[in-house]
Amino acid sequence: MKKFVVILLLAVMGYYISITFFDIGFGDSHLVEGVVPVKDAYLNETVNSLNVANTVTSIVVNFRGFDTLGEVTVLFLAVTALGGILYKKRHQAGERSVLFSASKVVTSGSKLLFPAIVLLGAYVFIHGHLSPGGGFQGGVIIATGFLLMLLAYENFTVGHNTLSVIESLAGITFAGVGIWGLIYGGSFLENFLPVGTLNDLFSGGVIPIIYIAVGFKVAAELTGVIYTVLHEKG
Amino acid sequence: MVGTPVLFVAIPLLAAFLIPLFGMIWKESVRVIPGIVLAYLLVLAINLMNYVMVNGPIVEVIAGWAPPLGINLVFSAFSGFLVTLMVFLGLIVWMYSYRFKRNVDFEPAKKYFLLLMMLITGSVGMVLTGDIFNLFVFIEITSISAYALTAFYTGRDSAEASFKYLMLGSLASAFLLIAIMIIYSQLGTLNMADIGSKMHLMKPAYKIMAIIFLFTALGIEAEIFPLNGWAPDAYAEAPGPVGAAFAGIVVKAAIYASIRIIYTLFDLSGAYDLLIVIGMITLIVAETAAIRQEKLKRMLAYSSIGQMGLVMVAFGMGTEEGVFAALFLMFNHAIIKSLLFLSGSYLVYNSKDKLIKEVNGIGKFLPITSFLFVLGSFAIVGLPPFAGFWSKLSVLTAAADSNMLLIIALVLIVSIIEVVYYMRVVNRIYFFKKDESVSTQRPTLNALIAMITLGAIVLIVGFYPDAVTGFLHRASADLMDKAGYINDVLTLN
Amino acid sequence: MIGAAVYSIRQKDLLYATIATGIISLVLSVLFYLLQAPDVALTEAAIGVALTTIIFIITIRNTVRYEDEHDNKEKFKSGVK
Amino acid sequence: MEDTLFKILDYGVYGTAVLVILIGLYGALVKRSLLKIVIGLSIIDSGINLLLVAIGYLKGGTAPIFSPGYLDNPKIMVDPIPQALVLTAIVIGFGVTAVALALVIRLYRHHGTLHIDEIRNLKW
Amino acid sequence: MTIIITIALSFMVLGFIFSAIRFVKGPTAGDRTVALDTITTIAVAAIVLLAYVFQRFIYVDVALLYAVLGFIGVIVIARYLEGAL
Amino acid sequence: MPTLTFSEKLSRFIVNSVFMMLVWIAFTSSFATHELIVGALTSMIISYLSIRLFTCCTISIFNPVKIFYMIWYLFVFLWALINSNLDVARRVLTPSLPINPGIVKFKTKLTTNYSKMVLANSITLTPGTLTIDIVDDTFYIHWIDVKTTDPEKAFTDIAEQFEKILLKIF
Amino acid sequence: MSIMEIIGGTFIIIGSIFLFLGALGIFRMPDIYNRLQAGTKATTLGGMSLILGVGFLEPSWMMKMIIIIIFIAYSNPISSHALARAMYKRKRYPLILSEDKENMDAYSEVNPHEKEEVKS
């Protein structure tokens, strides 16, 4: 009976959402007449005054950099919350996350692949302003590399203190760059470096620095998440 | 001017990233740093309020791009007033919970104070921001801290309450995103002032869809009636000071956001009626539920929901007196409900089930705490010499001005219900015999200072309401001035 | 994608539902890619390919594998959990 | 070639997104297992993200990246803002999912079951 | 050229459908994981091919990521099935 | 973790950095100066940090003879891969599914873990075989069409051609 | 149509056919190990050849294509090996068609069979 009611409710809701979005239309400009959308300004400013190739990056880091700061904070809070929710008074002695190592093929394979994965992550977040990707993606890739090592070896450990130091330093870099912009240029996260030439690695002023900091931070945070969760024995 | 509004967000974030580092060197710093930060923010807020009272609102721009492009923060009389209130309450809650129960150990204390600080930061950000997606981000910051704080005690039910909250919260964020996208697809902008200035161009059908989704989403955070399932459980299972923070800070921020959206973004006249209807239903349902509760904190929680309904009704009148009354109610509710939660959690400190009957005769053992609780009860039901009286009076006069007699009758009936269940507790505190099996706990000095400060404010506002009404009139005028808001934001540079 | 979503909701075995969420994420990523959003596709790929799977699987390890409680008890008796 | 591709994409995308959202909502509301509820929530997130990206799409557009060869024609680029928003939304969704699963583990530790009827101590 | 790419894409779609059927039918978790692995490889190929269709070199990054990370998901599931987790 | 002497560390570091640099160039597909500088820095940092992990080989891997054998191995491997695919195609497309599966074992003379890993991967990709496990020196192979269960014969059938070359490389 | 395009097109067609055959093999084979055999080999070669074909069509992309090919060829066998080992430890014994059941399963000396077959 409850199922039936829920399905009915969902059908009504789905109908209204669908007609709204079908009416809005797909794949062409659906703005109200006479409105100048913000995206044109973004696209122009990105090329002309920031010299960043990837518009998504310039939006995420510069125009709407405040969102990104909040987003990084959300991840940071998620790590803290995980630690708080799964907190136990003391860890039992000899508690291990993985019971035995994988076979030789997997262990040697992951050993060889691990530096390559980290390099891929570094590539993704260093080139965040030129190609798709950036701090989050790079950080996630590095964390996945750590996940591989943690899975393959029974006694691979990650220093918890090291992680939190890296995380804090990266966070301070982000917020510090923002505050420096406030002091130097008059508003939070304002760009205070020369912007370089378009499609060069050293371009975009402060954007690559922030993205590298974000990359380190996300990598440390997600590794922390994986590590915490892996050591949770029901 | 001593600082800029962006420091309200930047400084706590910087401190949050610093806390783990300092915690390795000096363990006490995890407790001290949030206090220093909150005290600094309070000073900043008061300074900025002084500036705003003289010179008009401050509009802060992030990353040096003028508003339609960049994100902006607005520190006007209205938002500044709420920010000051929130930071002040945050400081009180911090002082109260300095060594409260599980906070004695290092690891939990680190997480607790960090999360508490971020809860306050998220709420302050929700109030300050002038960008609708930034609002979403701050809501998420607030909610994740709230989930973690709700589940902070390792008891059986806290995780359940937190899960319930989380489920509704993620639905809320999903709805919020849909609403944001409907608006964006039509107007091509995310800035609130820009949206407000272009809203008349949008088709009414889309407007209705967007406002339904927005209202559902924010209603979950603001405990509006059909969506308040999480609230009593979360209040009851969270640590005592966190309950105070929810009632005083988080809900205020959510109410602010929904009011800002209805008053500034949309020009639908039906929205005000919607506010009144929903507010009235919330009020009746919550108050009748409160009278049936057996646990102290759940009773307080339902009472809090009821008060929020009253605030909604007052906002829904749409006149300047109504807004003034609503703001006065919000101010009083923040102070008084925090006082009730803080003192109430010492009344039932050691009991397992936190039942109301366990406070029997506790007045002799904890005289100051009990006195403060009773003071809060008297104030919130609106007995004449206390703070709550003036706010209820202003609601009644505003309703009378708008010829809404139904509201007057409703408020009076609800007040009677409130009197019944609060007086029941007061009666038990002083005139019942103490149950010997219940052990009591004396409040620590810092908790006592925190509670007495709140009690003093209740008394001061009660005997001398003009202390705040000046600010409130200014703030309500500020909210009503939609054109001024849009003008302030959009004519920057 | 719809099929995978329906499958992962209807499947009683939570492990299979988790693998199905992996497929949802993959198809979603390809769709983002077709909609000319390589940034988003990259993010979805990076998060969906291993991280979501591992946290779901660890939850399954720490709790139960079958949605139906009766099934769990049966499996528990026969020693394979 | 590209025309057929666009025809497939045309209205199917919105339809798919809405259907996925509805399926996720159904799972979150009807299912009795906590893990199923979390899976439902993550499916809702997927659907919403698809919806948002679809709004920014422009027929015949290309990604908003000014790499060599695409320097001087911002008119044919798809809308970058929804993409930036979805980036944020995905990461936030992941954080929320992690917290939810931690709560599930803790509930199981206390109750020994994931079935929602046996857990419900608190009344709504 | 167009016709070649159309043929290739339709073959891939067919492959996807067969893997999906195996995913739904597959009696064990292993079979389903094999289907997931195959679909990942097909997706890598499809992404590279579509990058050629769209003529954007930078799109290839997505395929690179799937090629590197795709197998970690499989290893996660394999390690769980092995009983190591 | 074994302790390493300085020369071992140095040789590993160099090998590691060179490989990383090659991978980086492949990632960026560009020879601009900035890219190369950043790539060199990144690969050096990563190889310094992962010096204990990446233990595949010393600097002697740049010996021309070994490089020649590597290329030869590549060709042998590719030939086997194409063969195996034709084999799979034949089996899949035949309506009656001509298979006779089973598991056989054999012993190998290879010593290091990496060479075993490469051998196992090659076996997995060559006709009709799939490595199931390696226990010390013994390989356990799932064979889709078992011709013999004798370890010696199975070895000649499956792995001999690869092992000959691998012994020269490692 | 230049010579490069012809080579690239041929590779693409061959690759897509092998990808399809891999999926068909997964669909048709009787048990998990045989499915892994078919799946791994055919999809690996199919993907490699298709990506190589695209590399021929756009010679400046070649380097990235080669690195993708290396990664695919490196990681696919590892994952299928891990899966096969996991399934054996999970007590899913391979299907054996011939009469000589004892000798055909050499791996049972490491992981002895148990009587009961469990649904996994």
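A, B, C, D, E, F and G are the chain letters, set down in written order, and residue numbers restart from 1 in every chain.
Here is the rule we use: a contact is a pair of C-beta atoms (placed from the backbone, for glycine too) under 8 Å apart; a residue touches a chain by one contact, two chains touch by 3 or more.
All figures in this text were calculated on a predicted structure; none of them were measured in a lab.
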Third chains touching both chain D and chain C = A, E
Please work out which of E-G and D-E is bridged by more C-beta pairs in contact, and write that pair.
-> E-G
Chain centre separation (chain D, chain F; CA means) in Å | 39
Where the CA atoms of chain A average out and where those of chain D average out, how many Å apart are those spots?
-> 16
Chain B to chain F: how many Å between their CA centres?
-> 62
Centroid spacing, where centroids are CA-atom means, of chain A and chain F in whole angstrom = 34
Which residues does chain B have that touch at least 2 chains other than itself?
-> 133, 137, 140, 144, 147-148, 151, 154, 159, 162, 178, 185, 190
Multi-partner residues of chain E (at least 2 other chains) = 5, 29, 33, 54, 56-59, 61-62, 64-65, 68-70, 72, 75-77, 79, 82-83, 85
In chain F, the residues touching two or more other chains are 23, 27, 29, 120-121, 131, 133
Complex contacts: residues of chain C adjacent to chain A | 38-39, 41-43, 46-47, 49-51, 54-55, 58, 61-63
In the complex formed with chain F, which residues of chain A make contact?
-> 103-105, 107-109, 111-112, 114-116, 118-120, 122-123, 126-127, 149, 200-202
Under the touch definition given earlier, write down the residues of chain F that touch chain A in their complex.
-> 16, 20, 23-24, 27-28, 32, 34-35, 38, 42-43, 46-47, 50, 53-56, 113-114, 116-117, 120-121, 131, 133-134
How about chain D: which of its residues touch chain E in the complex?
-> 1-2, 62-63, 65, 67, 69-70
Okay, in this complex, where on chain A does chain B touch?
-> 16-17, 20, 23-24, 30-39, 41-42, 45, 62-67, 69-71, 73-74, 76-78, 80-81, 83-85, 87, 161, 164-165, 167-169, 171-172, 175-176, 178-179, 181-182, 185-191
